[in-house]
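Paired with chain B in one complex and with chain C in the other, chain A is shared by the two complexes that follow.
On to the complex of A and B.
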C-alpha cells in the first residue's frame, strides 16, 4: 500500500472513476430523441440560449443531475452496510430497506398524508431496518449476516406486496404514476428534485464524514475497536441510521431502484483500488452515480420513442453481477 | 381420516366461494341452475359458466401445480426455502412465453404457452448450477439469492419487452405478478394434461426421492441412480410449473407455504405429501384470489399479490427456524 508505484496507481484509479462519471454525464446530456453535440451544450451553458441551453435547463439537465445525486447516496449507503457486515450482499436494496421506504411513500400518498416524501421514505426505511434486525435476532446469541440478509429479503417481499396492494386502491391515473415510481423512475425530474437530493445528501455526507473514524475502528473487530476507545454499539447504530437515511433520500427522488446500492461499493473499490473505509465510501458514491446515470440514459434511449423505468435497466445490469458474485463464491467454496 | 375430511372440506369451501363471490352475487340456486338448468339469457348463469368456472379451473391447475412442484423441489434439494416462484422457475417460464411472442410477432396464445415448459426447465437448471446444488446440497442462502437474481433479471427483461410492445397494462400484470383474471383466454385443457403428467412422474419417483434423501451412497446401495432421479424430478417440476405459469402467470410463495404444511399432514410420506400439497395449493390459490376480489371490489387485487402478502411472513418464519449451521 506504500511506495511510488501504488500511489500513482491510486491516483490513476480515482481519475478513471471520475472520468467514467464525467463521460456518463456527458453521454446522458447528449443522447436522446434529438442529439445535442458537446459544442452546443457548451454554448448553451455559456450564453444561456439555443438548444443546448434548453437541454441543460429543462429537458435533460435535471434528470441527469437527479440520477447523479440518487446514485451517489445509494452507492454510499450500500458501501456502509457492506463494510459493517463484511458481506458484498449486504445492501439496502437486497435487505428490503428500500422496499420499506418505497412502501411508506406509497402509503403516505394513498392515505393522502401531507408529509414530505423524504420523511416518509426515512420512516419506512428505518421501520424495515428495525424489523430486519428484530426478526433476525436469535435467542442463541449473535445473528449471522446471512440470517440478516435472508430476513431482509423476506421483508422486501412483504413491503413490495403491500405497496402493490396499496397502489391498486388508488384512482387509476395516480395508480399508474405510483406503479412507475415503484419500478424506479427518473423521468421528468425537475430542479426541486435536484436540490432535494443534493441538499439532503450533502447533509448526510457531512454526518458520515464525522462517523468515518469510528467505522475504520469497527473494521478492526469489536474488541480491538473498544480497546482503542470506540463506543462500538453506538457507532454501529449511528452508521446504520446514516445508511438507511441515505438510501431513503435516494428512494424519495428516484423510487426503489434495485441493485445500484449493491453494485456500487465493490465496483468503486475495484476501479479506484482503495481499501480504507473513507475512500471506499467515496468510490462507492461515484460508482453509484455513474451506474445510475448510465442506466438512466440507456433506459430512455434503448428503445426509440419509449421510456423504460430506470429500475428495469438496473435490474438487467445488476442481476448478472449478483449471479456472477454467487458463482464466484460457489467456486471458492465460500458463502 | 380426519385430515382427509378436513382437506376435502377446505377445497369444497374454496371452490364454492370462487363460484359464488364476485361483482355479480350468485346464490347457491343460481349455481345449481347454471350447471343443471342452464338458461342462456340469464346473465348470472353466463358469468358463472364463462368466467368463474374457467377461473376456478385455472386456480386449481396453478395452485396444485405450484404446491406439488414446491414439495418436489424441497424434497430434492432438502431446502425449506425452495419455491418455483422464488427460485426463478416461474420467471423462466414467463420469459420464454413473452420472448416467443416477441420473436414470432404473434399475440400470446395457446401455442406460445407451450414455451413455458422449456423456459421453466432452463431456469431450474440455471438456478441449481449457480446455487451450487451440483457440489452437494446447495445452501438455502445461495439458492435463494440465485433465485432472487434470476427472478430480477428475467422479470426486468419481461417488463422491458412488454412495455416496448405497447401491450396493455393487463398483459403486463399477468406476466409479471400473475393473475387469474384472464383464465378464460388461457389454454386450460392442454395445461391440465401437462399437470397430470407431471404429477404422475412425481408420484412414481417419490420413493426414489426419499431414498436419495438418505444420502447418495446409501441410495445407490438401495438401487437408485441419483442422476436419473434428479432428471425425472426436473421433468416433473418443469411440467407442473410450466402448466401453472401458462394459466396464471408467475405466482410466487404457493410452493413455499404449502410444502411444510403438507409434510405435517402427510406424515413425511412423499406420496401423501404430494396429494396434500395439490389440495392445499389449489385451495390457497382460490382463497387468495377470492380475497383479492373482495377487498377492493369492484376492482381486484391480483392473486400473486395476495399470495405474497401471506407468503412473505412465512418466508421469514422459515428463515428464523433454519439452524445457524444450515446457512453456510
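On to the complex of A and C.
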C-alpha cells in the first residue's frame, strides 16, 4: 500500500522490526542456565530429540511463545488508547485497566471462585475502565485525555492496593505465588497458556481489524469522522472494549506486566516508520512481543540462579521512558 | 416542504436557554455555491452543522431530497453529503495521500480492497487542489494554504453531490483565501457540486457565491442572490454596519465599503 512515505524505507522498517522479534525469540530459546546453540535447537525441532527438543517443548518454548503472545496483545492494546486519546501516556497499564484486571484475578483466587482467568481479567479491566470514565465524567461531555490518564493512574493505585490487601490475607505459599504473578511473571508457562493467549488474541485481532477503518476516521476528529460515515460513539466504545479485552488476555497469562503496552506503540511506530492506524497497531504488537521476550530472557539470566519476575525488567526499562514522557508534557505546559 | 435538494422545515436549533435559530424553513439552491454570512455568535456555524447532521435540531427537520436527514443511514448520508469542519487537526505525521484516501471510506465495503476507482478519484481530488506533487509529504510540513487544500481534497475524494465547509478560509492570507474559494467554485462549475460555506469575509462571499443566507442576531435577515441580499439596510440589520454598496469594478457584483 502506498501513502506512507517512501516504500523502500517502510519495507526496511518492517524487516527491522520483524528481525528484532526473531532475534529476541532465538535469544530467549538459547539463553538460560544451560546454553543451547541454534544448531541444537534446529536439530530438536527437526528430530524431536536431544536437549534442543526438550528446550523447545518444555523448558523455554512455552514461556517464550507466551511472552510473544502477551506482548503482542498488550502492545496492540496500548496503541489503541494512544491513538484514540492522541497521547503516548494513554495505555492500559498507565491507566489502571491492567491493575484492575490483576485485582479481579487475585480476588477470584482469594475467594476461591472457579471462573477462568481471562474472564476474571476481562471483568476487572472493564470495571476499571468504567470507573475511570465515570470519575472523569464531565457534564460538557468532553474531558481532556490527560484528565482520563490521571484518573486512570489513581484507579490503578487503588486496584493495586486492593490486590495487596487480598494477598496479605492469603496463606503464605499462595500469597508468594500471587505476589509474583502480580509483578508480571512468565515463569513455568505451559502450552495451555500459549494456546489461550494466541487463541483469544487472534479472535480479538480479527475484531480489531474490522474496526480499523473507523479508527482511521476517529483520528481526524469527531465531526469529520461523523461526516465520513462513522458512528462516532459506537466506534469509540467498541475500540475501548477491544483494547481493554486485549489487555485482559495479556494479564491472564502474564500478570499485569507494566509498561509493555505503553512502550510498544511509539517504539513500533518509530522503528517501522509508519503512520496509519492499521500499521501502527501491527507495529505495536510486534514491538510489544519483542520487548516482552527480551524482558523475559533478561529477567531469568541477569542474576544467575535468581529468577526475577518479568515485570521487574519491564519496569526497569519502562520507568525512565515514563519519566521522560512526563517531562515532555511538563515542557509542553500540559501538566 | 418536500422535494429536491437540501431544505429545512421549521428548524429550531439550540437549547432552552439559548435558541440560535428559530423556526427556519429554507431551501439551499441545488448545484450552486451558497454562503452563510452573519456576525459572530449568530448561529451560522451551528446552522451549517445542523445541515450536516452534526447537531440534532431542537425541533423541525433538515431534509435531503425530501428525506429527514436524521433518519438517513450514516453511510448513505456520507455518500451524498460531506462536511469539512472549521480548523480540523491532522494526526501527527500523516501524509497528504493517507489523509485523502480516508475520504473514500463511505464508498468502500467492509472488506473491499482499495479499488482502481478509489485511486483515480483520490488522484483527481489531489490534482484539483494542486497537491499531486506533495502527496507523500506529511501534512505538518505543509504551509497553511497547502494544508487547507489537503483537507479540501479529503472531502473532494468523498465525492458527494453536497459539499459543506465551515469557514474554509480562516487563518489564510488573502491570496490563499482566493485560491481556496476559486477551487470550490471550479468544483461547482465542473461537477455541479452544491457547495455551502460559512464565510467571514463579505466581499469574498459575494464574489464567489450564487446565493447568500444573511443571518443577524435574531435569525435570518435576508436570502437570495448577492445583489438582493447585500444592501445597506440588510447590512445594518445583520451587523449593525454602516456601509456603502457599490458595483465591484471587476465583476459588477455588489461591493461593501464600510464607513
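What we mean here is this: the second predicted complex is superposed on the first by the 319 of 335 C-alpha atoms of A that agree within 3 Å, B and C clash if a C-alpha of one lies under 4 Å from a C-alpha of the other, contacts with A are read in each partner's own complex, and residues count from 1 in each chain.
Everything that follows uses one rule, which is that a residue touches a chain if its C-beta (ideal position, glycine included) is under 8 Å from a C-beta of that chain, and two chains touch if they have at least 3 such contacts.
Quantities reported herein were computed from a predicted structural model and do not represent experimental measurements.
K.L.:
Check chain A with both chain B and chain C modelled on it and let me know: fit or clash.
P.N.:
With chain A as the common anchor, chain B and chain C both fit in the superposed model.
K.L.:
Tell me which of chain B and chain C touches more residues of chain A.
P.N.:
Partner touching more chain A residues in the overlay: B.
K.L.:
With both complexes overlaid on chain A, does A:329 touch chain B (first), chain C (second), both or neither?
P.N.:
After superposition on chain A, A:329 lies in contact with chain B alone.
K.L.:
Is A:203 touching anything from chain B or chain C once the two structures are fitted on A? First, second, both or neither.
P.N.:
After superposing on A, A:203 lies clear of both chain B and chain C.
K.L.:
Does the superposition put A:157 against chain B (first), chain C (second), both, or neither?
P.N.:
The first partner, chain B, only.
K.L.:
Pick one for A:11: touches chain B only (first), chain C only (second), both, or neither.
P.N.:
A:11: touches no partner chain.
K.L.:
Who does A:149 touch here: chain B (first), chain C (second), both, or neither?
P.N.:
A:149: touches chain B, not chain C.
K.L.:
Does the superposition put A:219 against chain B (first), chain C (second), both, or neither?
P.N.:
Second partner only.
K.L.:
Quick one: is A:230 in contact with chain B, with chain C, with both, or with neither? Answer first, second, both or neither.
P.N.:
The answer is second: A:230 touches chain C but not chain B.
K.L.:
Rounding in steps of 10 degrees, give the angle chain B-chain A-chain C taken between C-alpha centres.
P.N.:
100
K.L.:
Please give the least Cα distance, whole angstrom, that chain B and chain C reach in the superposed model.
P.N.:
When the complexes share the chain A frame, the smallest chain B-chain C C-alpha distance is 19 Å.
K.L.:
In the complex formed with chain A, which residues of chain B make contact?
P.N.:
81, 130-132, 135, 139-142, 144-146, 148-150, 152-153, 155-157, 159-160, 163-164, 166, 169, 177, 252-253, 296, 299-302, 305, 308-309, 311-313, 315-316, 319-320, 322, 324, 327-328
K.L.:
Could you list, by residue number, the parts of chain A that touch chain C in their complex?
P.N.:
1-6, 83, 86, 210, 213, 216-217, 219-221, 223-224, 226-231, 275-276
K.L.:
Could you pull out which chain C residues touch chain A in their complex?
P.N.:
49, 52-54, 74-75, 77-79, 81-85, 88-95, 97-99, 101-103, 105-106, 108, 110, 114, 136, 138, 154-155, 158
K.L.:
Would you pull the chain A residues touching chain B in the complex into a rising list?
P.N.:
Going by the criterion above, the answer is residues 89, 94, 135-136, 138, 140, 144, 146-147, 149-151, 153-155, 157-158, 160-162, 164-165, 168-169, 176, 183, 258-259, 302-303, 306, 308-309, 311-313, 315-316, 318-320, 322-323, 326-327, 329-330, 335.
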